Amino acid sequence: MESLVSILYMIAVFAFAYGIRMMRSPKTAKQGNVISLIGMLLGLLGSLIQPLPLGDNNYLWIVMSMFIGSAIGLPLAQKVKMTAMPQLVAMFNGLGGASATVIGIVELLNINAQTPFSSKFISVLALLIGAISFTGSILAYLKLEGKLRKQWVVPGHNALNLLLLVIMFGLGILIATGTNGIGWPLWVMLALSLFYGVFFVFPIGGADMPVVISLLNSLTGLSAAAAGGIYGNKAMLIGGILVGASGTILTLMMCQAMNRSLWNVILAGKFTAGSGASSNGTDQVMKEITKPDAAILMQYSKNVLVIPGYGLAVSQAQKIVKEMDDLLGGVDVSVKYAIHPVAGRMPGHMNVLLAEADVPYEKLLDLDDANAALKNTDVVLIIGANDVVNPSANDDPGSPIYGMPILNALDAKHVIVMKRGRGAGYSGIENPLFYHDKTKLYFGDAKASLNEIIAELKENL
Amino acid sequence: MESLVSILYMIAVFAFAYGIRMMRSPKTAKQGNVISLIGMLLGLLGSLIQPLPLGDNNYLWIVMSMFIGSAIGLPLAQKVKMTAMPQLVAMFNGLGGASATVIGIVELLNINAQTPFSSKFISVLALLIGAISFTGSILAYLKLEGKLRKQWVVPGHNALNLLLLVIMFGLGILIATGTNGIGWPLWVMLALSLFYGVFFVFPIGGADMPVVISLLNSLTGLSAAAAGGIYGNKAMLIGGILVGASGTILTLMMCQAMNRSLWNVILAGKFTAGSGASSNGTDQVMKEITKPDAAILMQYSKNVLVIPGYGLAVSQAQKIVKEMDDLLGGVDVSVKYAIHPVAGRMPGHMNVLLAEADVPYEKLLDLDDANAALKNTDVVLIIGANDVVNPSANDDPGSPIYGMPILNALDAKHVIVMKRGRGAGYSGIENPLFYHDKTKLYFGDAKASLNEIIAELKENL
Amino acid sequence: MKLGVLRTTDREILPMSKKVIGKLAGLGFEVLIERPEEVVQWELTLFGGTDYYVDKATILEQSDVLLSIGYQDVQTKAKYWLGEFQPFNFPEVEEKLKSLDLVAMSMDMIPRISRAQSMDVLSSMASIAGYKAVLEAANQLPQYFPMMITAAGSIRPAKVLVVGAGVAGLQAVATAKRLGAIIEAFDTRTAVKEEVESLGGKFVEVEGARDESSSGGYAVEQTEEYKQKQQEVLAKRAGDADVIITTAQLRGRPAPKIISQAIIESMKPGSVIVDLAASTGGNTVFTENNATVVKHGVTIIGNSNLSDTMPLTASELYANNVFNYLELIIKEQDIVLNMEDEIIKSATIS
Amino acid sequence: MKLGVLRTTDREILPMSKKVIGKLAGLGFEVLIERPEEVVQWELTLFGGTDYYVDKATILEQSDVLLSIGYQDVQTKAKYWLGEFQPFNFPEVEEKLKSLDLVAMSMDMIPRISRAQSMDVLSSMASIAGYKAVLEAANQLPQYFPMMITAAGSIRPAKVLVVGAGVAGLQAVATAKRLGAIIEAFDTRTAVKEEVESLGGKFVEVEGARDESSSGGYAVEQTEEYKQKQQEVLAKRAGDADVIITTAQLRGRPAPKIISQAIIESMKPGSVIVDLAASTGGNTVFTENNATVVKHGVTIIGNSNLSDTMPLTASELYANNVFNYLELIIKEQDIVLNMEDEIIKSATIS
Amino acid sequence: MEQIGQFVNSNLLEIYILLMAIFLGFELISRVPTVLHTPLMSGTNAISGVVTLGGIILIRSAAADNYVQLVLGSLAIILGVINIVGGYAVTDRMLKMFKKEKK
Amino acid sequence: MEQIGQFVNSNLLEIYILLMAIFLGFELISRVPTVLHTPLMSGTNAISGVVTLGGIILIRSAAADNYVQLVLGSLAIILGVINIVGGYAVTDRMLKMFKKEKK
């Protein structure tokens, strides 16, 4: 029996690892999730049949609890709107942490003189980390739900941060060296941990939230591992560590993608625009998109409309855009081109380029056709165009280009803009499109950027 | 002390793993090798200072042996010709196996009534696997050196194979259950193992040798792991398993690349051309090249000369070849194009295509310039050309194209030919170039093939 | 309201098309077109028939708005006259128009801003001229444009030098590039470098150019020192060239004489020069307007209205430009000139 | 030995060049060239001067080998005459040559095998003709070849139909493609489909073509049923086309009349047809050799020697072809005809 | 120092496992494309619901009348199961967004 | 069956390590490009020289007059060291072929 349980646990651990491995590609990810789930079920089975010295009681309680948990969790997951998923994940994560905290409390309540230091210490860890993750996650949930918009930093935040950590750790040692778990140190530590989660997440907001959630996620994993340590349960231990390790790495990767350090996110404790996101002096911000996201966005859309401009000509990216077109065509994404009459620097500039790249003429839409098509377009990819997509021409009578017909990129569902930086177009004026909520910027020379997209596409296909 | 040794071993293990990890790219591989070496040195240090119940004797012996080993190994490695490296690796591998065998023998000589079954069994494994690996590797060495060209299969080879394995295993159990290691079973088993190595490698040859060496390599790793099991030495155990596991996977990957199963290689026991390699009915064979090899070959050469032909036009690969050119140019590989006067199907066919792809005119060499340049060319890449590189025009007076000047591709160091299959050219005649020793075929539509090369290049750069 | 289209004696094209006639009808305008002496094929395609033809006298008599490309000395009852009068080049025309009892508007005076590009006849005609200049040159040149490595020998690609990379020059760069020639282009405006490169051409740099962004896209006269340097550089580039296409113009002044006799003498016999600035004096010392001359073995084609060699498309585009302008000034079946509008203000010359 | 080059009255080009003169000198041959009535510019470039010019009489008198493109009725002391006599089209020429006391070799009779491609004057001239046919058509067409979406309106690309995709046809496909037109091509030989596609053109399929691989690259006469089908398909494609370039020839027979009156009537006014098969009767019913006619609004350019409009390059290539053949028959400063060689055997017609 | 050494020695295998899990975690994660980071996060979050196993063991070890432990253990299970069930279900829904008919 | 179970239970951590090493080995190797397979083989071959550690321990445990063991142990070390030294050196040379000055 015992060895069967061990094997079940072992399968669970490797199912978790293999499940994560399959997250590598959209094609296998769903299956990976199922494998991971099977691992979890086997793990649960193991814990139900594992021989215990005092075991085999209270199955009714277990079944009931599991039923209640499922009854709560499943509808939540199924009814949530797509856009609200991140906060739900945060919430679930918090509950996992809470679960570890509860286990930690119970185990500390149960200690006696024989309990070794290491057991007690590990219980303290489960409690402490779980509690931080719990309140932190719930706060993250509230923030993402928009129920809490403030970000506030107390003076001396960093010093306080350190102090709190020291006190909590000290109390933990105190408890672990004591022989009686129950007592004020336990409750104080619990309270402090719960507070620390809030304290730690409160100042963070905006674009940094995903990083924090990932971090909290890895904390929950560690608390689960600690809880596993209490029972010497390998599935919990290794599974938890896998989550903790991968969560930490994921956090670092996300920071890297934002061009910031983790400390910058946590300690600076306030939202500072990364070097990537640009702002135009006022409070408007250009939002960036990452390579894989741009690639996947296009790959999983029904149609893409490319709006080429002078920048395409400057970077001589016409052949590369055709290659991207071919790749997308291969997965049934329809790609067309919207040619504005004055795009580029001479009449027919875009025509010359796209003909050179052998783009079939049927794929070129002129202004009117393009504007009609834009309404049903999933993704519009603007490559080095500026004036010809500047909405000021429609709605700002003071603009020098007011009255010029433009391509209404904002009619599409998603807008991606490729340009090198904050350069203006021929008319030398600001373009509000770039600061629009719907618009995502992809900075870099158009040719290089398209090459990156192609590399991503090739990897995914 | 003991914990220091444990940590040293641990570092060694992870240095091995990390070293292997760095083999991922030519850029980091050298460093990876150094890291792996450092791990090895730390491991050796650990074994020198590890507290042993009977230890701390005979350092002189150790130092002397190490000195002798280095004195033999280093010059061998440094003097060997580039082309002879594979056989040297095979030989070194065999010595590692021999070392494990010796250890196995000594430990079996030392057993007594108290020695548990598992210890004895593990010694048997070290001896047995090490010995197979030893003679197998030495035979592989001889074959690769060209000292032994025969491949011979006894009738009933497979049955005999099985019988040998059963006998060896039986003897092993016998020894492991006995209390006295010395005796005829030990020596018979040793002899059989040594013989089995020969027996197992003898029928294999030709293109299958690398697979066998990889397999032997993983056997040596396993024998090292077994030896590690004897002493409960984690560095040996995990390091050995890492080698064993990765060796096995590598072996499978190589088989896959050859489009054959491992069983096919080992059991069939004779050289059978894989589905990939094509033969022209006589005994001539077209040798294929894999994607990464083609890419790396070009990437690490000084110059590449492309010979385009009608196939380039058919697959409309002109733009893709330009992209490859750009990528190679980025790493200082000079790419030029040799335009044969009658390549394609109309005068100037290649010029039209390459101009469309924006290949600068300076890069186009005509027949005479190209033939002069070929003598100093590292890699010539023939894309869908056939008649214009057919050496029969030079040396076969019976050929219908005898007397036509051709591009002498064979003057270059390496020749890669891209074509879809075994199709002939306009003149409908065989092309001996494709069967030449220097020539490697890359089958597939030219455009698709070049796209694959580009993907590889991008990954490496 | 009636809109009458007059022919211009030295131009083949007409500023009207069937499509535009239809659109004008929608705005309440009837279109009359001067009857030609002999019906040419492409005009039938342009108008879809001869229905709109009336006598010139009738047009002058009945039209509310006159439309032509060039000016001619006529008496008319029309209240508006829209043309391409080039007041900078022909101040006397401006004077005569002022003496008439009508509002004269000149298409070439429309400012070159993004919004007005759809009315810019200079751009649409220059674009055709650039394209045709290359075809003309390729047809005259006794050799291939593209490189050819053939069994009968290898032919090096033709070298094309474009002087003045404005609208026409850029189109010439693009077209020559398509045909496989090696292109170099030269201009005094520095912004042009990137533009030339964006079409696959090479830009020839001469240091010290004056470039005034305030001039609204037009080039300015250069210093003597600069002209000197330019001569040196160009002499070198031109000696290599098989084809030179010149388009350099200065608004309201004679075109700069960029290609000197020395340069032409250094060129290979059989080379071709197409000079699109012929009407304002030409960019070469030998250019004759609307004529082809051979000097020192070099064929020099002087033609400022190359767009007329592609009359159908040229007329259609011209008509569209005109319509886009008319749309701006037609309000409820009548013509209303809003002088606050920069475009209308600049166009109105009397 | 002396090699004398005679001019051919109806051809502009000469089968000789400075480079080849130099190479022949190396083989021990002196070259004499018939003096022209008036020296043209490109001939100076071709020969680098007038040094080789001698009178026609001297050439006929002194030459050991005569070289010309066409045949002419002359008396000569030469022992060999190399030309492009087209014995299939002009059997009478063959007869006359046979009556002369010399060995006549015809460049056009060289078999079209890979090895002989460097001597194939038909290919090198056809290639130029295909290129020039497109330039000629583009120059005549009253609209752009490429698509243009501009502020003055969008212009659809021109449609070009190439009939007969041999050497000239393929070069036409390539050139029209470069200029941005939409290309369709048609041929009776099935191998051509892939070739057309390899140049970015679209192949028009007509089922049931006879294709004889034994004919050495030349097309064969087709069945009536096929011709019927071909007419139907072509009528449809031609109606859409702005430009048609025809190159279909049959060796030793009149060119097939592929473009009927009905087809021409269905074409848009202003369209252009360039017929490269004019000399053997033309592929259209209206073609006149060496003349341009306008029928039903369609301009039909009949010119079988378009290569002559690019005389410098054409002469150089022709000279190279000739030299490559001479190299084959010159052995140690003398001419030796090895009749075992397929090429020499086929070329020698008397 | 001595204690650490002792600790290392007595938990040698655990440390190996820990380090290898970290190494493995790194290798696994580093190949996940950015666009899958959110599902990945959600998926690993579901895995951390493995803490439920602790709740089950806890409750199974509890005396039938130790209501504090039973209630708290139930709580732990409920929370953990919500994490598991919700986590896997949400991940699955996220990944469905990537599903598209390919030929 | 019972024995296997026992074996699993008593060597649980070792089995974990083994499986993780295999998993890790797979992840590591699967990203090595074909062209580096030969250096990779050579490099892992050098690692298998770790068997030398066994030789050293063997000889260190031998009585100073147990010549059989000493000689055989020496042999094991010599063979192993050749494997190590030669293996790393050859790998290094192979990899040098890939080295090229890049800007």
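A, B, C, D, E and F label the chains in the order they appear, each numbered from 1.
We adopt the following convention: a contact is a pair of C-beta atoms (placed from the backbone, for glycine too) under 8 Å apart; a residue touches a chain by one contact, two chains touch by 3 or more.
Only a predicted model underlies this, so the values are computations on that prediction, with no experimental measurement involved.
Looking at chain A and chain B, the chains that touch each of them are C, D, E, F. Looking at which positions face the partner, chain E and chain F present mostly the same ones, since more than half of the interface numbers are shared. Comparing the CA-atom centres of all chains against that of chain A, the greatest distance is found for D. The chain with its C-alpha centre at the largest distance from the centre of chain E is D. Chain pairs B-D and B-C differ in how many C-beta pairs they share in contact, with the greater number at B-D. Separating the centre of chain A from that of chain E, both taken as means of CA atoms, is a distance of 18 Å.
Taking the mean of the C-alpha atoms as each chain's centre, chain D and chain F sit 74 Å apart.
Our note on geometry: chain C versus chain F, Cα centroid distance of 79 Å, whole angstroms.
Each chain gets a centre from the mean of its Cα atoms; for chain B and chain E, those two points are 40 Å apart.
Across the assembly, chain F contributes residues 16-17, 21, 23-24, 27-28 that each touch 2 or more other chains. Annotation for chain C: residues touching 2 or more other chains are 117-118, 123-124, 127, 146, 148, 150-152, 155, 178, 180, 200. Within chain B, residues 17, 21, 238, 316, 341-342, 347-348, 352, 355-356, 358 each touch two or more of the remaining chains. This structure has the following touching chain pairs: A-B, A-C, A-D, A-E, A-F, B-C, B-D, B-E, B-F, C-D, E-F. On chain C, the positions that touch chain A within their shared complex are 113-115, 117-118, 123-124, 127, 167, 170-171, 174, 178, 194-195, 197-200. Chain E contributes residues 13-14, 16-17, 20-21, 23-24, 27-28 to its touches with chain F in the complex. The touching residues of chain C, counted against chain D in their complex, run 41-42, 44-45, 117-118, 120-121, 123-124, 127-128, 131-132, 135-136, 138-139, 141-144, 146, 148, 150-153, 155, 175, 178-180, 268-270, 294, 297, 309-313, 316-318, 320-321, 324. Interface residues of chain E facing chain B in the complex, by the touch rule stated above, are 4-6, 8-9, 12, 15-16, 19, 23, 27. Across the interface of their complex, chain B is touched by residues 17-18, 21-22, 24-26, 28-64, 68-70, 72-103 of chain F.
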